[in-house]
């Protein structure tokens, strides 16, 4: 394998054809592992080696089961299944054998629940690498992330003798919904990292630019609340029911009224509500899907606590059983200046990069959970944005990005390793 | 004292001048006791002899204190104060010394919080016996009830040798708001009664008619809920508050949504809501005054339980302390046929009565609490309506009733005693 | 064709195999029409001859389209399609050519959305006439109703020369959800009827009994409310959205708080609520499925008006567009004494009937809409219950009824015609 | 009159004795006018010369009437009453007769609804100048503001020949609740001002410091909503009522759920809610007192519009009449750099001032309404804080401030005039 655009494009297009949604990236994980194995210098960690089951967020067994069945149909290398157990994703560990720092890099691998456009001008259609998995598409660019991760692994393999310390390449499942990072962080697999780096391709930045220090990552928690009531005939005996739908409606009105936090931005949204079985039956089942956000973790925690308190109060007031489930989370994070400066220097050395831009992120990304974990253990972290022209917005059916930037991505990561471990 | 209309009118007008609100009928109780004492054949019970403090409903100490101060100004006979202790009302017990049945009669003695009209054509103004206690008025006719009770006592005194068994005449405080009966019932003072009778003057019936068997007494519970929160500046730190006003508003929306009972009529009304200290402060205090009703005790109990559950759920959801207080209660009651027939017979023997009418009460009266207590102990009970023309609706400032019917009232009660104990 | 149990059972079992849900009874309607045509003495009315499109309730085009496709697969006689147009159901008119009264009979023809049990002891399984349409089943006995209607038509054909006046046999679509009657009533097709009769098989009555005069038909209106908002990102720009989910939740809390009606029983239930597209998007679509009921039409109308008022207020308060749709309705109805007496007499002449029972219906049936229409035009109406043993409750997968009662049903209807038109 | 601390202290203590609440500062206005008249160089504008009645906020006629009666008792100079008409406050206009700039200065004159402490160590008690108007107290320091205004007027009178252009000294009523400024701004009386200055004494700053450029003035609107329903007996005929209390409770739950604004800080608080007449009556009257705030006028306007929309929607949904009243308002304002620099220079020239501090105001002040009006007409504006030690927090019964700073205040304003008009 040569580390060139042709190889990177090949990888990207292969992964683009087989998009898999969060926690069901079985084919994807196996394929990554196949390539890593070929490189010959990585220990490959999987399953509970890298996942703490207690912190797994937003994983639906039915989705996973269907994903696994599909992965087998797509011809995954089933030898990895034992090692994975229930969980997708892997961590490739390179140990130089020499003393030195430990650097953790993180690439997310899941797709989005979107059906790819059939527009014949869409390049994946033209070139024949569109999604074969209807309803799913790599329309957020994580196929590019996997590729940059593999490219960086290839660079390590080719430069293994010049490096000191260790590198841990995290191929993370389930970034969409900010679900996957918490379980990897809690496994402790990167607790020994001195440096952490991750990035997103495209986003708001065009080809030729890098945003080395995006500001305003929002803390967020994604929560499901479910109420379970007692049915009764709405005409004959309404007093015998415990009304889950009515409970849920009142919960919504209370949740949206959580007091604003005086110290900074807070958010609440119940985005989905499904309740009830029939017009003439007191409803027994209701589900709310909601999220809170905060300018920082303190504010986000305040919002989360209020949600939990309201969920419980409603359950008591209406005599309905309930559960709450945290199905996703991300935190705020500030990049460390040392790494920002390094990324800026390296980026500006790339012929394709002509400017370093400023940007307020104002959204959430669960790489922050891993970055903050490293910072909390005394390390330094960065999350940057790698500019790339795109044909449509992220998560849209027409999304595609400028593949030329894949090589820039690999160059920045390998540049970082050279400076930190060279 | 002669048992004639002149005496009865004298009494009624005296009590009309000194109206006292529920639980503060100190002047009234003392005056009743003075008259009973003069009759020479009654044991007079007061205070905790007739009141179980645990079941005292809707008594506000500040109102009581002000009432007592007024009563002294009005020249009450203060010798009764020791016996009363904290509680107004009294029970006059006549014991014939001969074996026989026990009959309990009940007359309520409190006034309404209404300011009497200054219309010069209003008879109390014309004849100079209008309320001297501004803001309070006997505009429900309880001055007439007291009078009929005293008239019946006078009849007993005059006929003491002809009677067997015992009579217990209950002068009950705080009927308005259905507050006083529960504590008297719970004291056990009429648990030995074989018969119980009570009545209301006027109501929906004109002079010349008696409603011997009004139907549809509603069970009701009157409840106050108070929430206590934590203040915070609404601009600077809204998240530090626990919002009692917001809690109360949500409580109202939940309370009015309590499911209808499939087996019969139910009611809920939050009639008063007061909350908040200032526009720019997260509110710390809120009070709801509400009532529930039911076609029967079972339905009313269902409504009450739902209220209590909601009150608690809200407290938890909003992190506010709370209390609930039952400030009044009445139950449904069915008159016993034996007494209905007796009252009809006696009534039709009165020259002033020309018809027995039918009526659905569809409201609440706490005499039912006493009546049901007697029924539950194996006795029989009746509540009837004594027709009397009126000048305005009950509780209105222009209310007055036909005093000629006072003698009819005494005749019905004395007729009952003659038939049951003669 | 002989009018005997063998013929009736044959019909019932044929219709049982091909259950079709409300407004999609294409196969069923065509098959009924085929049989009626063979009898040779009926004019067959269909489509807008019997349906006023403005009053069609609860018809979903997608369900109809699928139903029609299935009906073709089942081999319906497609010659009727033109006449039907968009609407199922038919009315068979018999005109004796002699002066006389007009009698309207009504039989409902739709099935229930239930999958029939696979229990081998279930007779339709044993005898091989179970539903071939998965997810749908005649588990309310309307297959029996169709059969009795056809049997009565056969009797008319056999007795055509002895009859005077007219008979109109209404085969009504979409009774489930009380959806179909309003459109037929509004077409005016039975406005000239002097008598109206309809019935339900089994229900609460066993073989051998008839309930000639069930009481307490509840008025009901089934309503859908849909809110249409404006999306916005819940993190970045919540203020730009118009939140349909939040509007819907507040609507629910207001709807359940509609004041009880002082004059009698009222009901409200929002039984289904679906809202929202994603956790992090201000929701744009919400649907509420609800019903109100009342002891009589006045109370039901009060409830309906309150619902409409609340739906509108919410739309204004939240800046969301909305629509309301009445998807079903039934009214209260009192049977006319003349017909009750006739049915009782005729029923007791049947060897299989041993008693006439009393019953409070306490539910809703849209035959009342047709019966009240006839009454409002000066005619007389009856709805009765024809007892029949059943193996499980109506709408359950194990439901089956005693086919022996089909002949009793035909005998009662033909008896009525003999008495009224003979 | 000498312009010295003795004169200033005399004035401050005189005004401290006669505190008057917003819109009822009759004694105060007359007394200010008396002093201004004596100075001989001011035209005194009053009533509708300076007040646009359409923009008068939060004025209660009963409070005004009582205030006027009191003012007469306190011996106000009643000759000013005609000129005042219904409105308190005055503007003193000094015209040098020479061409030049126009400078507007603003001093607020109302007190707070607080009863002054009786602590004998409280200096107003010790020195005998405590409030004689129970329930009211200058506990926000506006007595000091009046004094600085009069001192500045005295300085103008003494330096009248050296000045060019014009000075307009605004003595504004009703700052508490941010009620008075809107009507003065809307009168246009300071539309010709090139410069505007106002200040607060003490607040968060101690003696010796000046905050020349406080940041983060919040826009705010104070709103009352009143609902008027229809009474009905809660037991007998709840359906006949239109429930104002229930409407108000639902309004609260909707108001607190107004979506956060994505562009910056927003606030909502319903601080007071009073509703209902009695437990057993469907409530007919309800009042909500609330405020919204925004980081800027755009956000505050968004909040206000949402409130108005919700108020209307509720009125329609519940069939209750309603009104909304804007009872107060303030806007955000940025000080102009030229004036900030001037105030800093002048302040640091005062022997008593040793530092210029920075501060985020994070609250609302209606001087901003006047300042923004001047800015919108092309002028420049400043609002600064004059440090002064205090004995307790503003609005507390024990509040008092360091009178020595009054002379500093006058010096800053006269310094400004010297620099701008000298």
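We call the chains A, B, C and D, going by the order they appear; numbering starts again at 1 in every chain.
FYI, a contact is a pair of C-beta atoms (placed from the backbone, for glycine too) under 8 Å apart; a residue touches a chain by one contact, two chains touch by 3 or more.
No experiment lies behind these values; they were computed from the predicted model shown.
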item	value
Classification of the chain B:chain C interface as same or different, half of numbers criterion	same
Between the pairs A-D and A-C, the one where more C-beta pairs touch	A-C
Chain located farthest away, centre of chain D as origin (C-alpha)	C
Between chain D and chain C, distance of the C-alpha-averaged centres to the nearest whole Å	68
Centre-to-centre distance between chain C and chain A (centres being mean Cα positions), rounded to whole Å	52
Contacts with 2+ other chains: residues of chain B	235-236, 238, 246, 250, 253-254, 256-257, 259-260, 266-267, 282
Chain-level touch network, classified as line, ring, star, complete or other	complete
Of chain B, residues touching chain D in the complex	177, 218, 220, 222, 234-236, 238, 245-246, 248-250, 252-253, 256, 267, 269-283, 286, 289-291, 293, 362-364
Residues of chain B defined as touching chain A within the complex	233, 235-241, 243, 246, 250, 253-254, 257, 259-263, 266, 282, 302, 309-310, 312-319
Touching residues on chain C, where the partner in the complex is chain B	253-254, 256-257, 259-260, 265-268
